[in-house]
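Per-chain numbering from 1; labels A, B, C, D, E, F and G assigned in written order.
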Amino acid sequence: MVESLLHPLNIFIVGLAGGFLIPLFYRLGKSWTAAAFVLALAAMTVISGYGLFVLLNGTAPIEILTGGAKPPYAINLRMGLAESIFAFSVNLVALFGAAYVVRERYGTLLLYLLLVMGIQGMVMTRDLFNLFVFLEIVSIATYGLLGLRDTPASLSATFKFLMATVLASTFFLIGTLLLYAVTGILNIDELIAKRASITGPIGFAALIFLLACLLLELKPFPANGWGLDVYETARCDVAAMISGGVSAGVFFALLKLLPLFEDQLELIAGLGAMTFVFSNLIGLQQTNAQRLLGYSSIGQVGLLTIAVPLLYRLNADNAMFLVVGGLFINHLFAKVGLFWLAGYVGRERLQDWAVLARRPGAILTFGILIVAISGLPPFPGFWAKWQLVMSLAVGDLHVWIAIVLVGSLLEAAYMFRWFSLALNSPAEADGVPADLFPIFGMALLLVISGYIAGKLAGLAALWAYMPLAAGLVLHMLARLPSRMQCLIVLVLVTVGGSQLILELSGISLLFAMLLLAGGLVVSIACLARTDHRSGFYPLLAVMLLSLPALPRATTSLEFIFVWELITLSSYFLILRRTEAAAHALQYLLFSLAAAFFLLCAFAVLHTQTGSVSLSALRAAGPDSAPVFVLLAIGLLIKAGAIGVHVWLPGAYAEADDDVSALLSAVISKVSIYGLLVGTYVAIRSDVSLNLALVVGWIGMLTTLAGAMLAARQDDLKRMLAYSSMSQLGYIVAAIALMSHLGWVTALYLAANHLLVKGILFLVAAAIILRTGKRSIVELGGLAGVMPVTFTTAAIAIVAMSGLPPLAGFGGKWLLLSAMMEKGWYGPALMTLLATFVGFIYMARFIQAIFLGPRRATHDALTEAPIPLLTPQILLIAGIFLMSFFPKLLITPLSNAIDPQFASTLVWQGMSLEMIYGYWNPVPVMALAVIASTILFGLFWLLQQSGWWATIANVEIGGTRPSLYKGFRAVFTTLTPPWAGALWGGLTEATTTSAERIRILYTGNGQTYNLYILYYFLALYAAAGVRHLWVAVN
Amino acid sequence: MADATLTAAAILIFLGVAFGVLRLVLGQTTIDRVAAIDMLTVVSISLIALYAHVAGRSIYLDVALVYGVLSFLAVLAIARYLERGL
Amino acid sequence: MAPNQSAVKRPSGFLWLSVLLIFIWFAANSSFAASVLATGAIISVVLAYMFTRKPGVWRDVRLSPGRLYHFVLYTCVFLVELVRANINMMRYVYAPRIKINPGIVRIRTRLETPVGRLALASSIALTPGSLVIDIDGDSLFVHWLDVKTTDTDEATRAIAGAFEEHLRKTFG
Amino acid sequence: MIRRHSIIVAIVSLGLVFASLVIGYTEQQAARPLAESYIRLVPQELGAPNVITGILLTYRAFDTLGEIAVLFMVAASVGLVLGREGPPRGVPSEDRPGEARPSSEIVQTGTQILVPLISIFAAYIIMNGHLTAGGGFQGGAVIASGILLVLLAYPQYQPNLEFLGITESVAGALFVLAGIAGLIVADGFLDNRILPLGQFGAFFSAGAIPVLSALLGIKVGCELSVILERFRP
Amino acid sequence: MISRIVLTTGLLLVLIGLWGMLTHRNILRIIIGFSLMGTGTHIVIVAIGYVANGTAPIIDRALSVSEAISRAVDPVPSALAVTAIVIGMAVTAVMLAYAIRLYESKKTLSIDAFTESKW
Amino acid sequence: MLDLFVYLLCGSILVSGILAVCLDSTLAAAVSGGLASLFAAVCYVLLGAPDVAMTEASIGSGLSVVIFLYAIRRTTERAQ
Amino acid sequence: MTDLIGSVLVLLGAIFHFSAGLGMLRMPDVYTRMQAGTKASTLGNTLVLAGLAIHHPGWSLKLLIIVYFVLMTNPVSSHALARAAHSIRIPMAGDTGIDVLRDGRQEAGGGT
């Protein structure tokens, strides 16, 4: 009994009977109508959900027979697993969306109900003509619902939509009938079985007509102005249903009929690619929210259209399930949620979306939706894209991978631009009707489905979700005082992080500890802020826990997942400042690009080795040079190498001060970890080793350029940011050495840099906190008022610059030794050069900020707050430890690297002996400490004795203003803004081309129909040419 | 004989329809055209009936009946439109 | 129409309409099976009820042998006129030069019921040479292909004379 | 001008595509297998002499159901778009601008006479759907023509939209109900064999087809009438 | 032969409808183009169903079942055409409803006046 | 004879179609469009599809045309 | 024999149809065309159907209905059409200019 009540056929019975009876209920009363409506939708949802449940348990697909006869005679429908997923998700969305229409007139309700039914009919039917009927049901319901908003623009858009879809469905009708003329069959299954008999001009034309209709209903690139207009002007909930539901139905129809089009698979994919790339490109220039969503919708469907035929061609059935399901569900939930959100906000222009900024719940949802729609973890779109790229790589379809990734990047660009606008534009909030729960529902569904998709994609490990769970916990505690939250974060991260690193060993363990400890220590600085930073601590928790999770990753999927988590959380942290919006976007885009390169690399690796395990990198064969190149490019982008460094200064400098410290000190190390793990593949072939040399040169150039750029800066944080870039260059070069010593050096330098930059950025934070100034030239003489800060800064500078006593010296020495060992004389020379330039800006840092005359307004300043000083002091302790007892660090480093490279280090007690000399830091250190104590005492005496004024004017070598100006001019000429110009030009070109292409959309419905006609003709011609080609060959 | 007569009749009807269509093309005013339509529908009824005879199927006569109703309706509607009666 | 009047008149119109509809039903079905009869009867009665519920021409329909007789007479006259006028018309059509003298004249009718006037107008319209353009009370404006007189009475005699008497006797 | 040329090019190219269809088409010399089995099956299994009606009301009744849903939705959509949904116009007809000219007495009388005849004729078409050409759609259209005739002759006439709506809903629901009955009593959804097939060619035969036909006719008639009414100025 | 002629007619009518739809500026004329296209499609459907020397697939005294199998035209396209015609009319009605609303919103029927949303 | 009539009807359909596109008056165009489907209906009878013919005649040339007329009426300002 | 009579009737009807078409073509103005077209074709139709009724006595009732229908509807529609033609002032051919209806209308509404 229950079985028969939950039979999928009842979806249609409920839909139709409900639709027919709604006018009757209306006579009874409005609440009756609403109740019947919601009940009917709920019933559909339950039925399809039950179907899904049953099918998941392995039942055979449920056949729905009508007319009391078997398929070829009567119409039959089928609910297989895919059908049930589509139907269930559409039903869920419709059920949530009912909240928006339930108070409308009864005509709306019945149209809505029949629309939902029609979509499921399109999904389930196995009869070609019945498909047409359902297509028309869906279309007409759409036309009716579009009439709900009757502004002139919306009416004319609807009319364009009408014209186009009517033309398309005429194509479908003609195609169906021609197919019938050829085969005498209307049943889809039989048609597919007798695919071979569809020949001749009529059969060919029939297929093209069908295909054209289905593609056109999906709004392909040049012939889609009508669709965009509707998305732009329709009521949001209606647009949501069109974007999610109707497209789903049409898309499923295409999926169903795909075996018929097996000669045109590449063509379909190509058209999908065109749509995907171009609509995302044009989306860049869009200022209207709903139209933007329209472009995105079209793009997403385009992506599906790329994926499906290619996977079908590759016979990748398992992948098909995850990719199509993931992409579809991701698109459905996220896009519908965004459209509803557009309705909630009620603003057309993107800038006006700032009304959201004051509503944490809404902005959280918005963030989730945006992240999901951009195909980032942990949402289903990410897993689907992952699987897609992997599968495409297996089929050697590299161009398609590039297309998919470029399009995704473009989409992420405008989506996140929109998000930053919503977060940061200065518009005033005002009252908006609060009906957010369906949107929350969508976000929740996304999270759930993301988890499921992740499981399907192969991410079984629960630990990967630990950062997100921590974020969730913190989000729930958002009402606590700021410091309390920060403490909770620290505790959580300590506990969680130690859990994460418990099972690690080798480099991973070292890095995990480094990242975890560094992150924790630097984060103590967050205690300095007492204001309510809504959303900050959850993100911080996510990021801090993701850091140790990265080394934990054992498969490339886990790696990418955590990698993207780090990227996203850091992006959102940077975005917190209004000024940072543009830089944050840049940061995100470069990071995503980097991630995409990694993705490609892993995909290629997967193809070569058949494994997604990271250890496959060690086993990869000599033909893995492409893997190395891809990995290196991705990681170099992330490390801010020269040429792609443009994101770095802005992101580091414009973020919140404590975030800057985290970014520069800790986050920058993830790319180093990536390099260590990933580029090991290089030693497998000579080609790759030569490529590694290139990477080394790039690293050194980065160092030099970074140093020079840092020397040019007047902005405190920018200087430090460029300095970071410079330091990372050393590390990259060290890794590129591909030798034991090189890697030890790299790790050593990385640790050093972490400590030093943490301190320096915190110093900067302290200075900015106290003075409110960032420009070096406006500061001066702060040593007197902030002595502790001055001390830490001085120590850090010394440690960084490579002056003897402290760790930096050891690092430089090791680096030079390693280069010599490898015979890299050029880079070695550049190291020296860069070190010299480094001296200049570091000296200037100390001199201009802490020494020199103090401004009167700064006299009343006090020392930095304890929370800022604590991490500095802890880090200083680290520096001293490293400086005095390098063996403590280097031995484990060396051991960790041992599996990869044979150790070449020889320890004599505490001193490291090599052919170029030996380094025993303990006595040196002791000496240095004594000397500096004396110096400090002298300095203190001088200060006390009032001679300060004269002393202050004594300039430390090379930082004489005129001399500095001279250097500055030299550096400026040496570092022309080529990279900036390059990327700026690229951006400019992209937006200009988007602007040009947009001219296609004239707004004239007739022209759009002409496009449609030409689209069909082009399709026909292209397919015909291919046909002839096959025939000739 | 009967067949020959029928053929002759058919050709005559054919010409009648052709003239009607010609009027449709030439017709100066819409009323002319509508009048032509009026005539053509009646002729069509004959035509269908004749074909029913030729094919020997009485079911086609139902179509002729629908025609009778519908032609009247369309013409009336247009007339009412023209005299501003809609 | 006063309610009591309609109550009196109703059965007659209702009955006749039912009979007529049943007849048409049979004619269309060309079958006299019991099932057809039953269905036809039900449908006809329902329809007849629906269409005589409100005042209208069907309420006033009454048939009697005299009326039927005149109706048959009228039909004969009409058919003769129809053929005659058509032949007349063909004279015009096949004439090498069409010589006509069209105009609109007024005729007056003594028929009082709408059905009668409709029958008259239809008859006039169906006999070629004349076409009712408009009707206004008891005046009919007739487009006359070959106007012989503009006088109302003479025109009435010339155009409607043949039918009017029978129609008056049939429909009142 | 460019536009015009491009239109010409498009049409001509499409014409070429169509030409290939015509050239490739050969007239069917015998019914296709599927059609043949339909012609065999419908009289035999459904007991309906009219194969097309048999297909429309049983084998492809799901299409038909979809189709009446389409009409139903069009009525609702047109109501939404033209803003006439819900209670009928409360404004007295005299107040509407641009009053329609009344029709002549002849037309009015003619309408009164014809409407019952058209109705019985519609009933004939509907009820004989399984025997001769015609059926629910055609009969429904004829019903709508009758109502249209009234609307034309009496511009002020207000059809009872509520009645039409209720009839339409009930007929639709009954149609679905008949389908469910097929599910319970006979072999499947919308099976016509819920009633005995009767003697082949008889008036009451072909199972539920006459019933379905009647429901369909009523529903289509009401729907079309509602659509027409909504379009009236 | 006959069906070929009819097929040609139907396709030509589709082309004519397209031409009208693409060249006319008046929205109502565009809709007329669409409805012509629809009619053309229906003609194509019926033409596809025609069997040489076919007759209606309705069994009666004049046509027995066995005769029907050899002589009757294909009933499937006929059934489809009935559905398609009704749907076509429905779509036309919706289009006209929108045309009326468009006219009410701007007091013009030229399609060029309705290009609000572009780019 | 059948051929002859089919030719004639096809010709008439096309002529009506062309008229529907070419005529200046929208009304006349709509009427011509209806006429095309009227002819098509006759053609359907000749092709052995009386059901379709009925549908086309009643819907294509009857109701559609009337809806067109209503639409034309509602989109033209009344003269008075 | 009956067949022949039937056929002759059909032929006669066809002749009327033909002349209706011709009249439609040749007549000078709307009203006269209407006259020629509707009337002749109605008669033609009646004759054709009568001829067929002779061929197939079984069909005669149905044919009668059709004839009856056409005879009833056609004058009404042509009347409505003529009235419309007159109301939109389509001029008559010929030079008589006799138009009682228009004259009457003008007198009635002369002032306005």
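Definition applied: a residue touches a chain if its C-beta (ideal position, glycine included) is under 8 Å from a C-beta of that chain, and two chains touch if they have at least 3 such contacts.
Listed by chain with UniProt protein names: A = NADH dehydrogenase; B, E, G = Cation:proton antiporter; C = Cation transporter; D = Sodium:proton antiporter; F = MrpA C-terminal/MbhD domain-containing protein.
Please read all numbers here as calculations on a predicted model, not as lab measurements.
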Exercise. Which chains contact both chain A and chain D?
Worked result: E
Exercise. Hey, which chain ends up farthest from chain A, C-alpha centres compared?
Worked result: C
Exercise. Quick one: chain D and chain F, Cα centre-to-centre, how many Å?
Worked result: 18
Exercise. Once you find the CA centre of chain A and the CA centre of chain G, what distance in Å lies between them?
Worked result: 78
Exercise. With chain centres defined as C-alpha means, what is the inter-centre distance between chain B and chain G in Å?
Worked result: 11
Exercise. On chain G, where are the residues touching two or more other chains?
Worked result: 19, 22, 34, 38, 42, 58-59, 62, 65, 69, 72-74, 76, 78-80, 83, 87
Problem set entry | Contacts with two or more other chains, residues of chain E listed in rising order | 1-3, 8, 12, 14, 18-19, 22-23, 45, 49-51, 55-58, 60, 72-73, 76-80, 82-83, 86-87, 90-91, 93-94, 96-101
Seminar exercise, completed: Multi-chain touching residues of chain A, meaning two or more other chains, are 129, 133, 136, 140, 143-144, 147, 150, 178, 181, 186, 1010, 1013
Problem set entry | Interface residues, chain B side, partner chain D - complex | 58-60, 62-63, 65-66, 69-70, 72-73, 76-77, 80, 83-86
Exercise. What residues of chain G sit close enough to touch chain C in their complex?
Worked result: 16, 19, 22-23, 26-29, 31-32, 34-36, 38-40, 42-43, 58-59, 61-62, 64-65, 71-72, 74-76, 78-79, 82-83, 86, 92-94, 96-102, 104
Exercise. Inside the complex, what are the residues of chain F that reach chain E?
Worked result: 2-3, 6-7, 10, 13-14, 17-18, 20-21, 26, 29-30, 33, 36-37, 40, 43-44, 46-52, 55-56, 59-60, 63-64, 67-68, 70-72, 74-75
Exercise. In their shared complex, at which residues does chain C touch chain G?
Worked result: 24, 26-28, 30, 82-83, 85-86, 89-90, 92-94, 98, 100-106, 118, 121-134, 141, 143, 145, 147, 150
Exercise. What part of chain A is in contact with chain E in the complex they form?
Worked result: 129, 132-133, 136, 139-140, 143-144, 147, 150-153, 155-160, 162-163, 166-167, 169-170, 173-174, 176-178, 180-181, 186, 225, 228-229, 232-233, 285-286, 291, 998-999, 1001-1006, 1009-1010, 1013
